[in-house]
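Note that subunit A is present in both complexes that follow, paired respectively with subunit B and with subunit C.
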Partner chain A sequence: MATLDTSRPAAAALFAGLSLRAWKVIGLAAVLAAACVLPFTISSYQLLLANQVIVYAVALLGLNILTGYNGQFSLGHGAFYAIGAYCTAILLDKTGIPYWATIPLAGALCFVAGFLFGLPALRLEGHYLALATFALAVATPQLLKYKDFDFLTGGVQGIVISGPDTPGGLPLRSDQWLYFFCLLWTVPLFVLAWNLLRGRTGRALMAIRDHPLAASSMGIDLARYKSLTFGVSAMYTGIAGALGALLAQFVSPDSFDLFLSIRFLVGIVFGGLASMAGVFFGAIFIEFVPNLADLVSKAAPQAIYGIVLIVCMYLMPTGVMGLLRALGHKLGRLVAR
Partner chain B sequence: MRFRTSLLTAAALLALAGPAFAADAPGVTATEIKIGNTMPYSGPASAYGVIGKGETAFWKMVNEQGGVAGHKIDFISVDDGYNPAKTVEQARRLVEQDGVAFLFNPLGTPSNTAIEKYLNQKKIPQLFVATGADKWGNYKDFPWTIGWQPSYRTEAEIYARYILQEKPNAKIGVLYQNDDFGKDYLAGLKDGLGDKYAKMVIKEASYEVTDPTIDSQVVTLQGAGVDTLVTAATPKFAAQTIRKVYDIGWRPLHFMTNVSISVASVMEPAGVEKAVGLISASYGKDPTDPTWKDDPGMNQWRDFMKKYMPGADLADASYVYAYGVSLTMLQVLKQCNGDFSRENVMKQAANLKDFELPTVLPGIKLNTSPTNYHPIRQMQLEKWNGKTWVLFGKVLGGAGS
Partner chain C sequence: MLAFLHQVLSGLATGGIYASVALALVMIYQATHQVNFAQGEMATFSTYMAWKMIDSGFPYWAAFLLTLVFAFVVGVTIERVIVRPFYKAPVLSVVAVFIGLLLIINSLSGAIFDYTIKPFPSPFPSDAWYGSPYLSSHEVGMIFVTLMVLALIFAFFRFTPLGLAMRAAAENPVSSRLVGVRVGWMLALGWGLAGMIGAVAGMMTAPIVYLDPYMMFSVLLYGFAGALLGGIDNPWGAVLGGFIVGVLQNLAGAYVVGTELMVTVALVIIVGILVIKPSGLFGRTIVTRV
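For the complex of A and B:
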């Protein structure tokens, strides 16, 4: 232990005797407290944006587990987001199931869908997997319009649903309640992911990413881990889709086009691959930068978006979290000196 | 203590006064009216973004000419990327953050569907939506949402009327895309033919957007003995249909949806000579049609374009659309007579009487009422002569729904 401490003098010495870890816990508590106070301090529209950021963060976490931690590329996570959203919308539209019960069902469905998709995808590596998942994203809007599913999906028209009402007795507006409802899903999902990734499983996932051959010679069952990771990843993104449907109160094929999948990938790369905190920065990026681009130019908002993205990636090649880590490192060395 | 009480009273009064004034006419001040709009400036449908640009230029012109009843128009048009989830977010931004009085001409059927419930619940007018679907005339369930252009259903009804008049013994076949767009045509033919539908329409054939060709459907229709064909197909399939019908030596009386009458994307790929005799319907003046070269109405539009949109493509019919729909909005604001409350704006939008536009065909008049939310219900038939579309006959009206 002593050697460990001296190898990282910065961590031990940092800021008034508190370790980096302690500061992280304090920071996390502060963020959580802020997240709980937030809905009472901002307007209803801003709350919608904040809620959307949270939902995107869950979706990005799903993709990051797969791509960042396990090294499997997916250009098709918009499809799982769509499946989750449609699952909730169809259940609310066709059955009497309460809205809160649709979320785990959507998650379970997406887990199965992701797992099944992961099985054949085992044969594909790197770019080839990226293309296979890309096909999924391309097919999704058309499948949702397909006539034989029309009675369920509502075809091109989509499905209009009602948002949840505040449960009796709670002094909250319905949008405030929805925000807390999303938060109640988000926090456990992040805790679960944290537990999953910091232990044995996480090390196995990263070993597969870094050196599959070495990982398998160490006794890691590649096929099992990879397909299960696909399932878990799809489940996260699917739950996000389900929450997103409650937020928009409408689903239609046009809500889940190819761009959605690409935006997710942009999100995790911008935030930082293999980083749980990074997904929030990614979510903020994909939620707000299009709006900013629209403010700058009506003629070519996508060009502005592209320029912003290029500049960001040039300045922060390892994403926001990479930059923060590098800054933390420098700061640590300064303090140690 | 007294000071505090009076301060509290003042604060309470202010708090009361604020919302009270806002509730009167939200989005309206003594000098300004805020109007919101969503457009696909980015994404798959960004070609339609020019409509938003045309409208922005239009309101700039109105402001330079002094505005409406002393009010300048603050037109806030935002990008939704043709993604309904984004439209919801942007509509709420316009209403809750920017505080617009109402939404004007948001574009897209799914986008408008996504926000119609929200806007109707809040009683915010959703005026003259930019979509051709028939559902926008549903004044009973959505009294705050009103359409503008003739719906596909109205168009089909007009074809039915023409067939009843000119060819009462027609054996009609319908080739339609299997979605809302195609089905609106079936509904319109039923409206127009009434109880004769079952007798006159001898064959309906549908195709999927995913089908590679419609050849077999065309052959089936010919085999059934159809002599009058109504085609509700998007441009690619429309071109295929025209070509196939010609190539198998079939010469039915052929009606083509006005979605697919573009010279560049339908007539030329199909073969301009193969389409001779094709019939369609229009409501607007085509900016490339030489008929309107010296038309005063279109010149008014051209002057506007020259001054406020220099360098824009004058062959793009979307600019004509933007100008026409904005003039309709302006007329509603003028009719408001200074009272721009949401109730009155909606009331006047549903109170257009024989309003004429310089950019629609002569004889077409816009009419709305509390039970008619389809402002344009008239069209004129036109025939393809191998070079251009030639209007013929009188302006025909459909009842709509």
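For the complex of A and C:
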């Protein structure tokens, strides 16, 4: 678990006359600018991969709010990703709702689903919650395949949808437009999460994670915070699922199996628990490592995730962001000297 | 009525499998307060070893025994090498490590023995049991083997010094260490035993569901459900819970939801137990001291 950092040697340090904070803002602006230029410089296939990374980052952010910040375990976030994806796919398939309007609907639905699942989960801690969500992840494909839901979900075949077209007047290919559409959702979601987590609410969430008893004796309403966090977390992952459905233009039960949920877990562990920037490293990891793993061994593609999980827990329990932070502190101390 | 009785009895037979898995889970939970998510995959891998041996000409029971030895060694090794460093780690790290193990062992099963579905022989005759309309010989054999395993485990913990030492190590590690019990090794032994019980469950399941790398996923879930129902810190409760869950699953499959939602039934049972009575039927209620 994260410990409170009181030293902050880097905060006072100046690099080339600017404070660390200023550098962070500059870095963020540079990344955003790069993200906007990116679709014009790479191939369609690469753009698809980049877009998938952004979608995964939103999903991981959702899981990280729950697991990293609030300390509630979920091995079943693939289920919320699936609900979001299916919500968008079904709405596009059955109704005339425009694609952009399905995203908030999917988010709202997932918020309710997460909140409802979070209510019984309130009474569960640690292993038990992991167990219940594990069962949820294993059951998801089966529920989606169930014959009585066939008329909605399309059963085993899933649903094919058509991707959005570029709105009139914009000089963009449809995949470039979809990329910006995802970005338009992602940036506000991250800003929202940042605002949520840096203030009173975020401190309450972390207090619940670090010492639930102390938190409740400070007057934090555990039940309310925990179930709402479950809802918000599911909403983020659900929105990611909805965007992911637009991206893949296809949903089917078997793409939302236990391994999807496990990949999300690997993502936040690799990127760094309780880190917002870390989710991007995690998303890049879970998007590109399967391709690399296929090169190494065709037969055991999942093993690489397992190895990374265990090695991360051994060598860098704080993930990539933890490593970067530690490096930053070292650097800060060197400069300050 | 006949059909109902048939469902109940064959539910008891599958319940035996769940009881074994539940017992394996509880053994590890009692000693270390860890829930082993890789239990099912360990069992699958052992079953593959048995399949390989039978396939290359070993008689069934020789392969069975060798597999138990193999499962024991694997269990001990995993505990010593991978799980040991996380003994006092937070839940999150522990669960992550177990999930990592699950992925690795699952991939190994697939990589070594490939992903095609294989038939697995049953040591029991394939006809109905003495012409009984209720049970097949394999199901009766399954129940018998499960009860044998439970009796052996009971005798081991109740009547042998080693069993006593293992119980002591789980109950009170500090005092046990002071009287000379090597607590670390006792935990490793517990893992070895759990691995063996899991292997038996795997070899008994495989003739019914066929052997493939994912065959224990739903069995593991039902094992969890059984362990929770009986109380995850009570071995006898867990065994009973396993049998109850087996019957419930069969009845639900036959009369309520059909076989397509088997895993969902497990989810409902698990969440239901955790919501209504998290400590299970026979478990201790946990009281936190401030």
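Simple rule for what comes next: the second predicted complex is superposed on the first by the 310 of 337 C-alpha atoms of A that agree within 3 Å, B and C clash if a C-alpha of one lies under 4 Å from a C-alpha of the other, contacts with A are read in each partner's own complex, and residues count from 1 in each chain.
Just so we're on the same page, contacts are C-beta pairs under 8 Å (C-beta built on N, C-alpha and C of every residue); 3 or more make two chains touch, one makes a residue touch a chain.
Everything numeric in this text was worked out from a predicted model, so none of it was measured.
Engineer: If you stack the two complexes on chain A, which partner ends up touching A:Gln157: first (subunit B), second (subunit C), both, or neither?
Structural biologist: A:Gln157 contacts subunit B only, not subunit C.
Engineer: Which holds for A:Val269: it touches subunit B only (first), subunit C only (second), both, or neither?
Structural biologist: second
Engineer: Quick one: classify A:Gln52 as touching subunit B (first), subunit C (second), both or neither.
Structural biologist: So A:Gln52 only meets subunit B here.
Engineer: After lining up the shared chain so the two structures overlap, which partner does A:Pro301 touch, if you call subunit B first and subunit C second: first, second, both or neither?
Structural biologist: both
Engineer: Is A:Arg200 touching anything from subunit B or subunit C once the two structures are fitted on A? First, second, both or neither.
Structural biologist: In the superposition, A:Arg200 touches no partner, neither subunit B nor subunit C.
Engineer: Looking at subunit A, does subunit B or subunit C touch a larger number of its residues?
Structural biologist: So, of the two partners, C touches more residues of subunit A.
Engineer: Let me test your reading of the model: by the given contact rule, A:Ala132 touches which partner, first (subunit B), second (subunit C), both or neither?
Structural biologist: After superposition on chain A, A:Ala132 lies in contact with subunit C alone.
Engineer: Which subunit A residues lie in the overlap of the subunit B contact set and the subunit C contact set?
Structural biologist: Overlap of subunit B and subunit C footprints on subunit A: residues 142, 145, 147, 259, 299, 301-302, 305.
Engineer: Quick check on the complex: what are the subunit C residues that touch subunit A?
Structural biologist: Touch list, subunit C to subunit A: 33-35, 37, 82, 85-86, 89-93, 95-97, 99-104, 106-108, 110-111, 114, 217-218, 221, 224, 228, 260-264, 266-267, 270-271, 274-275, 278, 288, 290.
Engineer: Spell out the residues on subunit A that touch subunit B in their complex, using ranges where they run on.
Structural biologist: 43-46, 48-49, 52, 142, 145, 147, 155-158, 160, 244, 247-255, 257, 259-260, 290-291, 293-294, 298-299, 301-302, 305
Engineer: Within their complex, state which residues of subunit B touch subunit A.
Structural biologist: Result: residues 41-44, 46, 49, 52-53, 56, 77-79, 81-86, 88-89, 92-93, 95-97, 108-111, 113-114, 117-118, 178-180, 208-210 of subunit B touch subunit A.
Engineer: Given the complex with subunit C, which residues does subunit A contribute to the contact?
Structural biologist: Going through subunit A, the ones touching subunit C are 1, 67, 71, 73, 75, 120, 123-124, 126-128, 130-132, 134-136, 138-139, 142-143, 145-147, 213, 258-259, 262, 265, 269, 273, 297, 299-303, 305-310, 312-314, 317.
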